[in-house]
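Order of writing sets the labels: A, B, C, D, E and F. Residues in every chain begin at 1.
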Amino acid sequence: MALRDERVTLAHGGGGKAMRDLIEEVFTSVFAPPGMEDQARLQAEALAEPGARLAFTTDSYVVTPIEFPGGDIGKIAVCGTVNDLAVGGAAPLWLSAAFIIEEGTEIALLRRIVATMAREAEAAGVRIVTGDTKVVGRGACDGVFVTTAGVGVIPPGIEMAAGLVAPGDVAIVNGVLGDHGATILAARGDLALSSAIESDCAALGHLMVDVLVAAPGAKAARDLTRGGLASALNEIAEAAGCGIEIAEDALPLRAEVVGMCEILGLDPLYLANEGRLVVFVPEDQAEAALSAMRARPEGEGAVIVGRAVEGHKQVRMTTAFGGQRIVDMLVGEQLPRIC
Amino acid sequence: MALRDERVTLAHGGGGKAMRDLIEEVFTSVFAPPGMEDQARLQAEALAEPGARLAFTTDSYVVTPIEFPGGDIGKIAVCGTVNDLAVGGAAPLWLSAAFIIEEGTEIALLRRIVATMAREAEAAGVRIVTGDTKVVGRGACDGVFVTTAGVGVIPPGIEMAAGLVAPGDVAIVNGVLGDHGATILAARGDLALSSAIESDCAALGHLMVDVLVAAPGAKAARDLTRGGLASALNEIAEAAGCGIEIAEDALPLRAEVVGMCEILGLDPLYLANEGRLVVFVPEDQAEAALSAMRARPEGEGAVIVGRAVEGHKQVRMTTAFGGQRIVDMLVGEQLPRIC
Amino acid sequence: MCLGIPGQIVAITDESRQMAMAEVSGVRREVSVACVADEGPLSGLIGQWALIHVGFAMSLIDEDEAAKTLEALHDLGEAQEALEQMAAGDAALAGE
Amino acid sequence: MCLGIPGQIVAITDESRQMAMAEVSGVRREVSVACVADEGPLSGLIGQWALIHVGFAMSLIDEDEAAKTLEALHDLGEAQEALEQMAAGDAALAGE
Amino acid sequence: MKFASEFRDPKAAKALLAEIARVADKIGATKEKPIHIMEICGGHTHSIFRYGLDKLIHEGVEFIHGPGCPVCVLPRARVDECIEIAEREGVIFTTFGDAMRVPGSKKSLIQAKAEGADIRMVYSPLDALELARRNPEREVVFFGLGFETTTPSTALAIQQASREGLQNFSVFCNHITVPEPIKALLDDPHMCLDGFIGPGHVSMVIGIHPYDFIAEDYHKPIAVAGFEPLDLLQSVLMVLNQVAEGRAEVENQYARVVPEHGNPVSLAAIADVYERRPSFEWRGLGEIDASGLRIRPAYAAFDAEEKFGVGYAGVRTELKDPEGCACGAVMTGRMKPVDCPQFGRGCTPEMPLGALMVSSEGACAAYWQYGGARAREAAE
Amino acid sequence: MKFASEFRDPKAAKALLAEIARVADKIGATKEKPIHIMEICGGHTHSIFRYGLDKLIHEGVEFIHGPGCPVCVLPRARVDECIEIAEREGVIFTTFGDAMRVPGSKKSLIQAKAEGADIRMVYSPLDALELARRNPEREVVFFGLGFETTTPSTALAIQQASREGLQNFSVFCNHITVPEPIKALLDDPHMCLDGFIGPGHVSMVIGIHPYDFIAEDYHKPIAVAGFEPLDLLQSVLMVLNQVAEGRAEVENQYARVVPEHGNPVSLAAIADVYERRPSFEWRGLGEIDASGLRIRPAYAAFDAEEKFGVGYAGVRTELKDPEGCACGAVMTGRMKPVDCPQFGRGCTPEMPLGALMVSSEGACAAYWQYGGARAREAAE
């Protein structure tokens, strides 16, 4: 039964034929190999290896707008969860995808989101194996929310943890910071800003594999999502019990992102990214890690931004100007300010 | 830093300290063993066994009202996903829990939901090992949505699938039907109905284990959520390529549920359940399966409701009156009607 | 059309607006009793059964009439059973 | 207080409401140019730099003054460098 | 359930079925040449399928499903008008769930809701009234739909709103009456009906005398029936007995609920609030004289037609029934749903072409839901 | 970024720092007996911490962070009044992001928003105006907050609203002025300031002559400065040179942006729309004569105080500053944030007690964010 509705109605959530048609036509038939099942049954040799561990993570994605320059909610739902697995040293294997859909959502939009997810999953080498759809009344959600969970396998011998970072380790990021956050700020429209910035959204599983081969001593990695680089470094410093020093000069920042931050009084260190991570590696493996990153498109802009240090337990930044300041955790979100 | 806010504000979603405080105090500290991590690393002997398969499933929970007689959204979020694993023959091991929270939600409500989840997970023998929180603006979601994903292990040799059901197999349900759906209809308040019915919400993992021991030949099971028994049986009939006949006389229905259905012109066969399943077992194992179910509180009301048959491919019901009717899939949700 | 269901009036909830609580198998809903209200106080309705339609008690159920109909049906059932037993007896006798 | 940032006027968007497009490092926003509008047509503002605050171009930037300030700073820098080099030379000579 | 389950006793059913078979045989009804009994009311259609009575009953008795489902007979133009009102700024449009899926010419109410109209399902016009009280800044419109059973409830709601001086409550009145279409059917030269099952709940309001013309003028038997399976079987037996005995009378099987002269309060409320329209359009049946009600000028403040200038108070567009739709023929008993060329092809519950496929009261939907669809598939 | 990055050149900074050191030494400024320079403007405070100037500069130069953050000096009673307006039925309350987290006596705007008030952050009063155009059925209130830099923008927005005849736009005016509190500080017997960095962006509106009294009446040097690090260092040097040379003048380091006589259009708009209040309350400083602006009667239709009867137009409740809050002392330069007994204990950015901990411009928040907090922890 071909879906003839242009928009999702409550009937599509009711557990009957309309729901089955929506799920089959818009979702399961698109995810390859087809058959996003209510429950997936899976086998992977890597998981059976002695000493291998299973990695399991989840995130809900609620981005507004749902489609933005450089991506859409489906792209970040796949990349974000792949990245959460990857930064833990896991090879991502399988994703689940649960959709909460507002009554009235255009079915064409759902198709585009699902197409993005299928494409990104394929590129990232993961399979979307199970899923769910719920339809809620108009006004009960904001278009579409996607929650993905990811299962991966951590090969025996791989141990990544923020607590392992030690003074001397070098912090590398894989490209310019804040593009995603700045894109979303502009795309929301309420600030009436426009720019050519696009989200940095990207899956980093392959990149992490390459980094771990090039720098097997890598200690920890973190994707730089909510709260940006500043928050990730603070978390790592706290877990590691040592200081981290970064250099403002070294921070890769696009002029437009800096411009937007200047206009709104924001600090790009706290802007969200969806395709950026920081990895801490022993100093003698830093070059190898850098080269491995730069060999991939999503790591082209990789640079060393700082290192773990003794003597204090803060995140400090040497300003381009030669001064030093402390980069603390924020309380909440950064708010645009005028003074 | 103790959380002093009474309600969730956007600051709690911003990736800073307010968010960390919320997550630590309201979520991770409650789930036992503590430490719902951003990424869980897990090992289970059962998974390493040759021939064992991993089961993976997800559902989003969007129930209105969030708290209702007999449960809350947290309870169904744990039970629903445990049940999806269990009906596939998997032993549930780990859950993820992702929360989408509307600005303004009372923190006390979140605490109650999380407490329920911790309690239900413990009772069901699963661990909530990873999670996420997102805060959305007022009006961008309806209070709290919870998405859980579940990972379990299907022991070698267990194969449950609707396609395996064959004529002669007996269909057993574990208790009265429609209590959850009727509870929610009344609890929403817009129909101004009141009754003493409570949701049937329950985790069925232990029950399924017992059933599989008692009736190792069990073919397939389905939890009777959206669309109720009627939809589950239709799915099974379609997958199995045979007919299913049930007897109206045999259907376990509470008088209040029947009463509410009569008032609203609904059919209890399509009402949602959150603690009910149907399992198909070979006829000679039916009594054993029944006894196993009845030995558990969540299976006390277990009865045989019908069987798979040859000769047609429909779900048919012999009415209490001696007639027969076809029980088809609905298109959408059942709507209350007056004529 | 016109889904209607017998419910029992269990309480008067608003005398002035002629509202009462009706109960069907343990499920309660406030209904208007305007159509079935007599001259007297509404409390006289308590305990009575009425046909409920879209939130209104539309007609009081006549228990005598109901009993009469049931009796007729019952008699018919008994008669039929007797008939069948006779037929079965005949058949048995005939060795079928 | 009073976050302000230099932006370049790149287009007039609404002559009657005195609105123009300003650009800061490739980021654009419509701003009011009421405070910096002269007698002439607004198009005269295109290409000029202004200090932008809460969506208003508040003051045209005086490029000569900017150059003067920079020059003074530059000279000071050069002088300081020369001084340091001399100091370094002295130190080297002194064998420190 | 008291006054319900007692009327589902299988033992009594067996007796009734046997007696029906006896009388049917006596009057020579056969599968090939059946006796046609129309259950006027969609609720009866529903019961027949729910309890499988059509399969249990003697093969010489054929049920013809009448036009007594208010949703099924609603013309597409009226659905369009509902949507036009519902989409107005500030309106909360309230309706029984039944009407949600009925297709208009472009969309249904459920689709209009998805597109943003504030449309809410209510159980009772009283709930719509309460919404109006709670949302004084919004205009709450209630979709008044139904036969005489439902008409008093909207009339009483309007009287209550008037007493309270509510300014923001109105009814989009589409109430219709039973006797007139029956008369139209009986006047149809293709008519082949031998008797009627009278609508029990309509009759509790209007009593049994409005059907006198059926017996007196057209010499057809009719039994006003309840909705439990024994009620229906007993009524069929009553009709068959009339046929067998050459009688044509109005009998009351449902005396426990239906007073001979109906409900005086309800009738007074109807008379106070409504007046007859000169004619009203029925889907599949066309315009029928005096078959619809409108709100009297005295209550014009509560008349959505007047408030919004739509419906019979506005510019009415002619909308033909969809191509190939045999609803009219099915509703007049001239065709069985499965014989409609669209049944299960262009017309399914997912994508209904005609109204009879939408409401679960609709004969086509009932055939589909209770197996007609698959019967057809199997046959093909 | 043109006109910005050039003023961040480390080489020139080095030279400036060396020159500052030379002059500071010359005038005998030491760590123990430093020269106190107040940067009036919170934006300067921000730059000082952002670039670490306080650490780079000669230890004999101490920055005193002045009262130039409009959010920091906002009394709790005014936040309460914002919330009172925002919680009115039908109101869309618009504000710069800065004010969202400032605590009132019971809650902040961000908490009021969470509880259901329709509060929206805007970048510009023009955006609030646009919201009013798009929501004619709602009352859009803009929270007019800020010194002379921001005052013209709300004045122009009000003029525009007046031209368009917008009925649903109003400004809750809390605009304040810089010279008056400076005068109050200078009159304080505990005052220990040796010179001022003048607020660059305020001055681009009002010009540099409003500061003449500082040099003429109080004999203190002042340099109006830009916000880049070289601007600040150069201004410090200018002040030091004045001290060294025994001068007290108003100098303009920021001549690229600040015209001597300010911006005539802005000044005209301010004069047209606003008039001075007899006095206005500042958090930590109390009432200061003629330090606040109100909307003139001619524009009363756009005055939220008048429309809602709150603020100075309503019943004003006296609200003491919270117990143990040293904001007043910190803002007047008598105390460093880390010396406040509440700093990092009862008062943190998560749970600010005083306003200086809320705004990122606030001296306490700046100390905290840029490490003061941990410095304190480490010290303990």
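Following the convention adopted for this analysis, a contact is a pair of C-beta atoms (placed from the backbone, for glycine too) under 8 Å apart; a residue touches a chain by one contact, two chains touch by 3 or more.
Chain-to-protein mapping (UniProt): A, B = Hydrogenase assembly protein HupF; C, D = Hydrogenase maturation factor HypC; E, F = Hydrogenase maturation factor.
Quick caveat: nothing in here was measured; it's all calculated off a predicted structure.
Undergrad: Under the document's definition of touching, what chains do chain D and chain F (Hydrogenase maturation factor) have as common neighbours?
TA: A
Undergrad: Moving step by step between touching chains, how few steps can get you from chain E (Hydrogenase maturation factor) to chain F (Hydrogenase maturation factor)?
TA: Minimal hop count between chain E (Hydrogenase maturation factor) and chain F (Hydrogenase maturation factor): 2.
Undergrad: Most remote chain relative to chain B, going by C-alpha centroids?
TA: D
Undergrad: Out of A-F and A-E, which chain pair has the most contact pairs?
TA: When A-E is set beside A-F, the one with more contacts is A-F.
Undergrad: On a CA-centroid basis, which chain has its centre farthest from chain E (Hydrogenase maturation factor)'s?
TA: D
Undergrad: Let me have the rounded angstrom distance from the C-alpha centre of chain C over to the C-alpha centre of chain F (Hydrogenase maturation factor), please.
TA: Their C-alpha centroids are separated by 78 Å.
Undergrad: Hey, how far is the Cα centre of chain B from the one of chain C, in Å?
TA: 37
Undergrad: Just the number, please: Cα centre separation of chain B and chain F (Hydrogenase maturation factor) in whole Å.
TA: The mean C-alpha positions of chain B and chain F (Hydrogenase maturation factor) differ by 56 Å.
Undergrad: With chain centres taken as the means of their Cα atoms, state the distance from chain A to chain C in Å.
TA: That gives a centre separation of 63 Å.
Undergrad: In chain D, which residues are in touch with two or more of the other chains?
TA: Only 1-3, 5, 24-25, 29, 53-54 qualify.
Undergrad: Of all the residues in chain E (Hydrogenase maturation factor), which ones touch at least 2 other chains?
TA: As it turns out, chain E (Hydrogenase maturation factor) has residues touching two or more other chains at 1, 4, 14, 42-43, 69-70, 96, 101, 110, 123, 127, 146, 150, 349-350, 361.
Undergrad: By residue number and range, which residues of chain A touch two or more other chains?
TA: In chain A, residues 9-11, 17-18, 191-193, 255, 258-259, 262, 265, 330-332, 337-339 touch at least two other chains, as defined above.
Undergrad: Which two-chain combinations qualify as touching?
TA: Pairs satisfying the touch definition: A-B, A-D, A-E, A-F, B-C, B-E, B-F, C-E, D-F.
Undergrad: Report the residues of chain C in contact with chain E (Hydrogenase maturation factor) in the complex, numbered from low to high.
TA: Interface residues on the chain C side: 1-6, 8, 17, 24-25, 29, 31-32, 34-37, 49, 51, 53-56, 58-59, 61-63, 65-66, 68-70, 72-74, 76-77, 79-81, 83.
Undergrad: Over in the complex, which chain F (Hydrogenase maturation factor) residues touch chain A? Could you list them?
TA: For chain F (Hydrogenase maturation factor) paired with chain A, touching residues are 1, 4, 8, 10, 13-14, 42-43, 49-53, 55-56, 69-71, 96-98, 100-101, 110, 120-123, 127, 146, 150, 229, 349-350, 359-361, 368-371, 373-374, 378.
Undergrad: So in the complex, which bits of chain F (Hydrogenase maturation factor) are touching chain D?
TA: The contact residues of chain F (Hydrogenase maturation factor) facing chain D are 1-4, 6-7, 9, 11-12, 14-16, 18-19, 41-43, 68-70, 96, 123-127, 146-147, 149-150, 152-153, 156, 160, 199-202, 204-205, 227, 230, 234, 253, 255-259, 263, 265-266, 269, 361.
Undergrad: Over in the complex, which chain B residues touch chain E (Hydrogenase maturation factor)? Could you list them?
TA: Listed in rising order, the residues are 190-193, 255, 258-259, 262, 264-265, 312-314, 316, 319-326, 328, 331-332, 335-339.
Undergrad: Can you name the residues of chain A that touch chain B in the complex?
TA: Spelled out, the residues of chain A in touch with chain B are 9-20, 38-44, 47-48, 50, 53-62, 64, 84-85, 87-88, 90, 94, 96-100, 129-132, 134, 136-137, 139-142, 145, 147, 149, 151, 154, 225-228, 231, 270, 272, 329-334.
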